[in-house]
Amino acid sequence: MSYKHKDLLGTRELSRDEILFFLDSAKEFKNLNNQSIKKSDNLRGKTVINAFFENSTRTRISFETAAKRLGADAINFSAAQSSTKKGETLIDTIRNMEAMKTDIFVVRHECSGSAEFIAKNTDASIVNGGDGLNEHPTQALLDLFTIRENKGKFEGLNVAIIGDIEHSRVARSNIWAMHKLGINVRLFAPPMMMPHRVEVFECEVAKTMEEALDGVDVIMMLRIQLERQGGAVAFPSGREYSKFFGLNKNRVKLANPNPLIFHPGPINRGVEINSDVADGEHSFVLNQVENGVAVRMAVLDILNKNRG
Amino acid sequence: MSYKHKDLLGTRELSRDEILFFLDSAKEFKNLNNQSIKKSDNLRGKTVINAFFENSTRTRISFETAAKRLGADAINFSAAQSSTKKGETLIDTIRNMEAMKTDIFVVRHECSGSAEFIAKNTDASIVNGGDGLNEHPTQALLDLFTIRENKGKFEGLNVAIIGDIEHSRVARSNIWAMHKLGINVRLFAPPMMMPHRVEVFECEVAKTMEEALDGVDVIMMLRIQLERQGGAVAFPSGREYSKFFGLNKNRVKLANPNPLIFHPGPINRGVEINSDVADGEHSFVLNQVENGVAVRMAVLDILNKNRG
Amino acid sequence: MSYKHKDLLGTRELSRDEILFFLDSAKEFKNLNNQSIKKSDNLRGKTVINAFFENSTRTRISFETAAKRLGADAINFSAAQSSTKKGETLIDTIRNMEAMKTDIFVVRHECSGSAEFIAKNTDASIVNGGDGLNEHPTQALLDLFTIRENKGKFEGLNVAIIGDIEHSRVARSNIWAMHKLGINVRLFAPPMMMPHRVEVFECEVAKTMEEALDGVDVIMMLRIQLERQGGAVAFPSGREYSKFFGLNKNRVKLANPNPLIFHPGPINRGVEINSDVADGEHSFVLNQVENGVAVRMAVLDILNKNRG
């Protein structure tokens, strides 16, 4: 097993073996992160720039931590202070930083397709840290890592993805990857948050929360991304949302025993998930975060090795 | 002497011996900072996050410098870009970063008690970098370090703390610590800036600037924290303040010979302190800043060692 | 050849030999940057603060990359979050950070002369990263580096500097340096962007774009610095500017064969330079950026060595 590409743009292009290759590598880095001294020199003398054209403290810190633990020179760029405000094009901005001999860019951008667009226009390696409504591949990899760690397999598992699927790159990256691993994916969303052409995802579509949760092994609750919904409001209030689409203790009982409950964070408590569930025994939200650093270390390390 | 706790939240809980233990350790790090190569690897492979929910460039840079000189992976988090704006709770924000295997958080927050609240909800170590009106323990330790360095003792010294005591966590942390070391503390403030129940501090309270300064060894001028006073203005103008509560050359003469003049910075020149005093021979403002890095290195190092 | 000063404030004070000394040193660091592992420990245990009182992502990242590749503890300070907003003076802000045993400050500030003012008031070394309309010496050094690398000489070359000369510290730093190296400099600008007393620069002044470009070896296009022009607009529109003062393929033909086309970035495409030229074979814009890191590493390394 191996991964031979310059970039990691999405899970849609990944083969089953490539996914497993990333997960196996992440396991080694998780072990490192559990050591007293969490440090490798695999990326010593390499420059990693977090190019965040859209803000995300959590993802930025996860990638920055990953890069620093690998010994890289990690540098943060955020669009708020950037030359794009001075009229520079996106590609000029990236090419300038590439000319400084940057090895890897972690790119987050509000436009779908931007990571691929940048990747085609630079010799540096690109990790897609989330591009619009398209993909967020390291999030899917960390979800899969957490599933394998706790269920020991992928084949035949049932996963429910619930919430704002239309606006979720997390959902998309997970769907593409899970199909390749033999996981059955079921979707449930408020009507305004269900993709118009949901059939392209080739998933079951549930009609009620009860139907969505029946017999699943993993419950993936999505964040209500108010910031990505334009002006229109898709539901009357958080309380209404919680009533029809939120996860609570009773609903968890509909799933298979010992379900894994996921949320990409940050959680709106009492909206997507009630606190008793978020803090309960089946919540794997913090495991996701922990595994995220390991997965990102693996991705940075593998892409760096591919640079020769 | 030793310090056995996970966190440093305030000086109120510290024993005399614990305070001296921090100061002794800081002395070693001050020596290191005077070397040509200011670098240790005591925190190599450790992750330190500056979690600043309230802005402070100066304190952040001091802690960041301290962490980096100790070889830690130092990461900055500021609330301005944070998930707390997306509706996440404070504890969820911290626990997420803890899940990334963060060893130590330096926390600054506008709410009194927030550092303790966070400390109780995480296994990571917490250094209180200033919480509301409550405590700012590393500031007190650096003040004490500077006193011992220049006066050679604590017992029997007289210290005047002058200015906005009501809104000053610096004053509180110093008062608790100084009492334990046998220092006599005298307070003087404009009426609107004197704590309502000043008796809890068990300090002398002066009625005039002259009475405050009479025979003191250390003059600690506080910053006028306009940003912490709500809408009300406690005095008519900077000129008025200076006239009744500011430090100038003539007033310095009321103190004992060779007084140490402190200010936690940033100084409003001509308000709290006139420039001839701020730049004069008795000003130890920059010594405070220098010693601050050494003290913070000691604190990070000691807490890290306690993590085993 | 050597450079014996504490600071690098401008090219105006530099001798020919000092300029060549910086360029020779930069060549070694360019070689390092082309290695697989781009890392030196020349500045290990040193603290470098990027003190940016005026925002500049590009220059900050270039200096931060340079400092980190040299092994320094690199710390970013930006005025947006700084104590200067709390009423602190510029010198107090710098002296505070100096007291933390900072070795080198890279200073960017909107006021002309600020770098020198700071340098005189601190024992730390100052690199001027751009001060108002005055100087930006590392930009001139990287331009000269790129010229020598591609033309093999300075003596007798003809350079046209075109655009907003009045508001350009890049132009000033280049003019002073180029004169010392025997380069002939020709200026061309819209009337409102030509310095009133242009004669102090002792350059040829062209009357038309054609006259400016005739027989030159290097075409240095300046950025339209709308942010530095106050309220008045010096030309009707980008299209107008492009027509009379912009660079396009036909105009490039007026220059000598194989001209070097420079721009300090970020480029306003279609205004100062058309895209076919910006992306064409004669564009050395990205070479400038690449060489910038090497030049800045040389400057930091040389100043650090001077600190003994």
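Per-chain numbering from 1; labels A, B and C assigned in written order.
One rule holds in what follows: a residue touches a chain if its C-beta (ideal position, glycine included) is under 8 Å from a C-beta of that chain, and two chains touch if they have at least 3 such contacts.
Source: prediction; values computed, not measured.
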**Request:** For copies chain B and chain C, work out whether under half or over half of the interface numbers are shared, and give different or same accordingly.
**Result:** different
**Asked** If you fit chain A onto chain B using the CA atoms, what's the rotation angle, as a multiple of 5 degrees?
**Response** 120
**Message:** Suppose each chain is reduced to the average of its Cα coordinates; what separation in Å results between chain B and chain C?
**Reply:** 40
**Item:** Residues within chain C bordering two or more other chains
**Value:** none
**chain B partner contacts - residues on chain A that touch it in the complex** = 33-39, 55, 57-58, 61-62, 64-65, 68-69, 78, 227, 265-269, 286-287, 289-290, 292-293
**Prompt:** Which part of chain C faces chain B closely enough to touch in the complex?
**Reply:** 44-47, 49, 73, 75, 77, 81-83, 86-89, 92-93, 95-102
